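Take a look at the structures below.
Two complexes are shown next, each including subunit A; its partner changes from subunit B in the first to subunit C in the second.
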Partner chain A sequence: MAPIGKPAGWEAKRSQALALGLAPALVVLTVITLGPAVYLVVTSLTPLNLVNPQSALDFSHPLGNYRDALTDTRFLNSVWVQIELSVATVVLQIAAGLATALLLNAHSRFLEAIRTAFLIPMVLPPIVVAIIWKVIYTPDVSPVHRALAALGLPLASLIANADSAIWAIVVADSWEWFPFTMLMTLAALQMIPSEPIEAATIDGASRLQLFRYIVLPYIRPTLVVCALFRLIDSIKAFPLIYVLTNGGPGTATEVTNYYGFQQAFNFSYWGYGSAIATMMVAGVFMLSSIIGRLDQRLGDNA
Partner chain B sequence: MTLLAIVLFPFLWMLQMSFRPNDDIMGYSVRFVPTMQNYLSLWTGNFPKSFANSVAVSSSSTVLSLLIGVPAAYALSRGRFRRRRAIAMWILATRMAPPIAFTIPFFLAYRYLHLIDTVAGLVIIYLTFNLALVIWMMQGFFNSVPRQLEEAAWIDGCTVWGTFRRIALPLAAPGLAATAVLCFILSWNDFFFALILTRTSAMTAPVAIVNFMQYEGWEWGKIAAAGTLVMLPVLVFTFLVRTYLVRGLTAGGLKE
Partner chain C sequence: MRKPVDQSKTPCIADDQHKPHDSSLSLTRRRLLAGGAAAAVGGATAASGFPYISRARAADKPLSGTTLNVSCWSAPYPKYLADYIPEFEHATGAKVNYETPSFPIYNQRIDIELSTRGTAYDVLNITFIYAGRWIGAGWFEPLDGFINDPKKTPAEWDAGDFLGGTTATMKDSKGQLYGIPWIADVIMAGAARADLIHKAGKKMPDTFDEVTDVMKAVHNKDNVPGFIIDNHYGWTWIPWLQGFGGNVFRDPPGDLMPTLDTPEAIAAADFFANLLTSYGPNGVISYTYDQVVAALKQGRANYSPNNQTFLVQMGASDSKVASTCDFSLFPAGPKGRFPAVSTHAWGIPIGSKNKDAAWEFIKWAMSKELIARMVREKGYTSITRRSLIEQPDFRQKLMINGRDVARIYLDTVELGAKGYMKYRTVPVYPQVDKEIDIAIQNIASKQKSASDAMKQAQANSLTQLRRSGIKL
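Moving on, here comes the complex of A and B:
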């Protein structure tokens, strides 16, 4: 509704002016996101590589890369490693984030100051996080390894062992990202009305019962959204793997993202790398559409 | 408190390592003479140049994405566009997409455009995440600026963009500052794009650290010192704008 006293043409002029402000951003976004997306999908249909640059326009076997991927055991292994890593880190982060949020959820100056300190792992440059954990995991310099050795419990390097390497990454990644769940949960906790908690306390509910029947139902939607967000982001994990294990030992920590990176930039199989990236994008969008639907449902209930 | 100590222990350990003399890098004792030796040895290498590159790339990308993104956010907040929802989804999708999906096409295109290993090339690819972030965050901040003032200004004969500049923008200034800081941090923290798209002349600080590790052997003191320098600006900014930062870090996850 146009406010009274303005000519009708003014509203149209205003819309036009606003559209003019929006246009540059849309043009730039199209060039830097839609353009590359199309280019990626097109490249994924070709056998493009460094040895044969002419193959950029070779569409004789458009689905060849995808067919190869399905029989490539290294690719299938990377998908499995990815699932393991993602599920483990998300579970650990949610647990740690929820626990710290519950501990810090009180109104005191002191706790509020501490909360900011807990954010440090999340805002640190990922490469610094990787260095920090490289120090912790390298027996020669690690304070943990040396402390254990001094106690007579020497520990072999975790990242050099195929069975434990992935768990070493899980711990480091969860350390980096648990503050995200903590932040979101704290925000959700502060929106819980105080009446039901007071009523239950008067009725003699234990702290565990309080949490189980009152707090948890309130924050469950937030936890679900957190988990899905972290699930999507866990697919991007790169610096930790690059610095700590380089995908190894063998292919023990080679996640799909890392495998795609190697195919494209170490071996220069750009066509195959693009196919892997395209499948990753498809997977991510499927996960996001689940979030979108959940978000809507949660919004309707609220 | 104990929890905090445990959580921050790995971080503090690196910090103290950076001040230890090289012959005592493994030492446990709290009583050591702090030295700037590691930092000085960084100063003489290529590290200052990479650090300068990081500053240049991050600040240009921040300025550019604000210039393009802030008016767009204002338009989305004030105007009624039919495809609003589609635009919002598109912006969210950009945030979700794995970086490798951008890197391959950008790498191939940059080889033709001679943008590999240039500051400009990095600035452009950083727009892929910064622009979406600016539009997303600033739209929220503009939504919370009351419209009555703007309507008064229009009646007084101010143009749409005049109102934006004189009224909406100053009122959203704290949000603008927080958005700028977040853009800067995201670009500063990037490792993946810089690793692939730079070689020597446009190398950023995070990539330079990894190069120490791979080519100069394990000089832990130097690595720790470089890590400390790289995280310093991020930590300072975080504590300066922590309240608003929380909003940006959780952007998209919580309903505004």
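Moving on, here comes the complex of A and C:
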């Protein structure tokens, strides 16, 4: 039944007006987002090699690139490296961001100044961050290496060692991006009402209990969003790897994104590169969905 | 992209010849006066690098209305050239849009541009590592037609003056030339602290065995690591591979079966990785070429078989080792001496709408007169014209601490003309290049034995080549 005072076709007309208003934006979105995405998927079904542009229309083996990927040891290795890098960076950034936010969650001019200083890495251009860490990790010019050597504790190059190279990237990436989690968490912390904390304090709850039973449930959605953002961003990791290790030593830091870039832009295998990119997009969607459901389930159980 | 210039507005000698009648050629008083002025301007401009243009048609600004889009990666020569381009524009009337992006940006941008047969550029650098791919795919115009046509290129321009080793990689399998080389970069050997080598009673090593011997004697003397080389092993390791009797492919460019798992290749990889790990600085496998140059100039590393353009910087006034550096030919292995020679060259992309005007630009940019001025006025040394290299003042420029680097340079380019650089002219080399980088890093970082790493490089190279459609 139509609401009193509104003509029967009012809702329909309102919907039409909204659709009409949204149409230009939707058209633009379709052209600039969906169009390239569809082209990516279509290209992934061809063996397109820029040396042979006619291969753009060769759909004789549409799943050939995907089959190749399943037997490509470098691709499979890159997926594993990607998982290592993503898990390590997300966990470290959430932990560091949360810890820093808890420490800085107070009103004082000094802490506000520190908060601003912590934001610097995040606002630096990624390539600048990469160059800073290149200097830190290059033994003959690094102040860290020199200081340790002066103390009689020479340190082998971290980016030239297969065991430590990935962790060198993790540390650099976390330094750059933990302020994002810190900022989001700080905002969430400041939105927590004071009443439940005061009540629990009066009831004798310890600081750990306050955090576990009051603070964490409040900020958990924020942490999940941060984790999701950082997870997606970690899959796009590029400048640090490009500048610091070039995927090496060997393939120790060759993540899927970087491998796909090489296949497409260095070797002109656009079909294969598109297949890798398509699989990455699918992977990100799946992960987002899983994390979203996990959060929902945790929320229901809370 | 930029709008192509109307070809009808770009007169050139060849086009003029085909016109049935051109009223502008009729003799008038005004034209005679203009001709006189042209002779005067031509005389002046001949000495500045474009005598052929000026002599023929400086009076009427033959390229007036033509816009040439020219691109090359950023290196000393293209940077120097930028300073002279206004002279070309003034003499010809052409407008030149000139850009010099960084090496990787240039290659990626141009690779895509060429693959689409784009018309955005008229003159492009043919990058050495892409030469086989770009030429093999038919993305550049053969230049023989321009060179052999006396109306387009006078004999005194002397196309045969370019070193054979530099033009060899710019030819296709039929011997057609696609690029005029503006640089010959060769791998030779340099020592930043040759004084330490001499103090140990040794001389600059001439064989692989001597390299090991000298490294044992000088490593970490005066806190200077003995050996350094940049981590582009698909370039820096190949002379060692060939010195051991191996090669990248079975018989390039005809037979592209990779041969990275042969006993020779494994021995070469093992030997080379041992030099890196035993005598290199901490983290040597992460060193890029700019880091290597900095380390050598600062005296933070000693011996390096590397590009001539990098090594001669040790003799520069801002180098801390200017008085202690020394140079030699790349050492010989058990099977001979195979120093790498790389070349970059000016070419005309197939999609250019101004090919004749583009050739005029290349002819000017690579003329004896202009290159001689660059040597004289800018100190440019990696030149490709034999007649200029042989001149005493040039030889003097490359005499560093009594060592005739120009002689080393010429000898190396001559060696390069023997054909062992063919591996690098195949279109799929970048793929194999990357597999070699990975293999050497795997060995030097102790992730794999030489045998396992090279077998993996072989298998991955096969996968890459098959992906590119090559039947093996």
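Odds and ends about this structure:
Rule of thumb we're sticking to: the second predicted complex is superposed on the first by the 259 of 302 C-alpha atoms of A that agree within 3 Å, B and C clash if a C-alpha of one lies under 4 Å from a C-alpha of the other, contacts with A are read in each partner's own complex, and residues count from 1 in each chain.
Just so we're on the same page, a contact is a pair of C-beta atoms (placed from the backbone, for glycine too) under 8 Å apart; a residue touches a chain by one contact, two chains touch by 3 or more.
These figures come from a predicted structure and were not determined experimentally.
After overlaying the two complexes on the shared chain, residue contacts for A:A227 are found with neither subunit B nor subunit C. Within the superposed three-chain model, A:F265 lies in touch with subunit B and with subunit C [touch as defined at top]. Legend: residue contacts after superposition of the two complexes on their common chain; A:P249 is shown touching subunit C, with no touch to subunit B.
Once the two complexes are laid over each other on the shared chain, residue contacts for A:L102 go to neither subunit B nor subunit C. Of the two partner chains placed around the shared chain by superposition, subunit C is the only one that A:D72 touches, whereas subunit B remains out of contact.
Once the two complexes are laid over each other on the shared chain, residue contacts for A:D140 go to subunit B and to subunit C alike.
Of the two partner chains, neither subunit B nor subunit C is touched by A:V171.
With both structures placed on the common chain, the touch criterion links A:V51 to subunit C but leaves subunit B unconnected. Counting the residues of subunit A touched by each of subunit B and subunit C gives the higher count for B. Taken together, the two complexes place residues 140, 265 of subunit A in contact with subunit B and also with subunit C. Interface residues of subunit B, counted against subunit A in their complex, comprise 1, 3-4, 7-8, 10-11, 13-14, 17, 25-26, 28, 68-69, 71-72, 74-76, 78-81, 87, 89-94, 96-109, 124-125, 127-128, 131-132, 135, 151, 154-155, 159-161, 164, 185, 188-189, 191-192, 195-196, 206, 209-210, 213, 220, 223-224, 227, 230-231, 234-235, 238-239, 242, 245-246, 249-250, 252-255.
The residues of subunit A lying in touch with subunit C in their complex are 47, 49-53, 55, 68, 72-74, 137-140, 145, 154, 156-157, 159-162, 244-252, 262, 265-269, 272. If you check the complex, the residues on subunit A that touch subunit B are 3, 5-6, 13-15, 17-19, 21-22, 24-26, 28-29, 32-33, 35-37, 39-40, 43, 100, 103, 114, 116-128, 131-136, 140-141, 143, 146, 175, 180, 183-184, 187, 222, 225-226, 229, 232, 235-236, 238-239, 242-243, 257, 260-261, 264-265, 270, 273-274, 276-278, 280-281, 284-285, 288, 292, 299. Residues 108, 111-112, 115-116, 133, 136-137, 231, 281-286, 291, 295, 300, 427, 430-431, 434, 437-439, 441-442, 444-448, 453, 456, 459-460, 463-464, 467-469 of subunit C are the ones that touch subunit A when the two sit in their complex.
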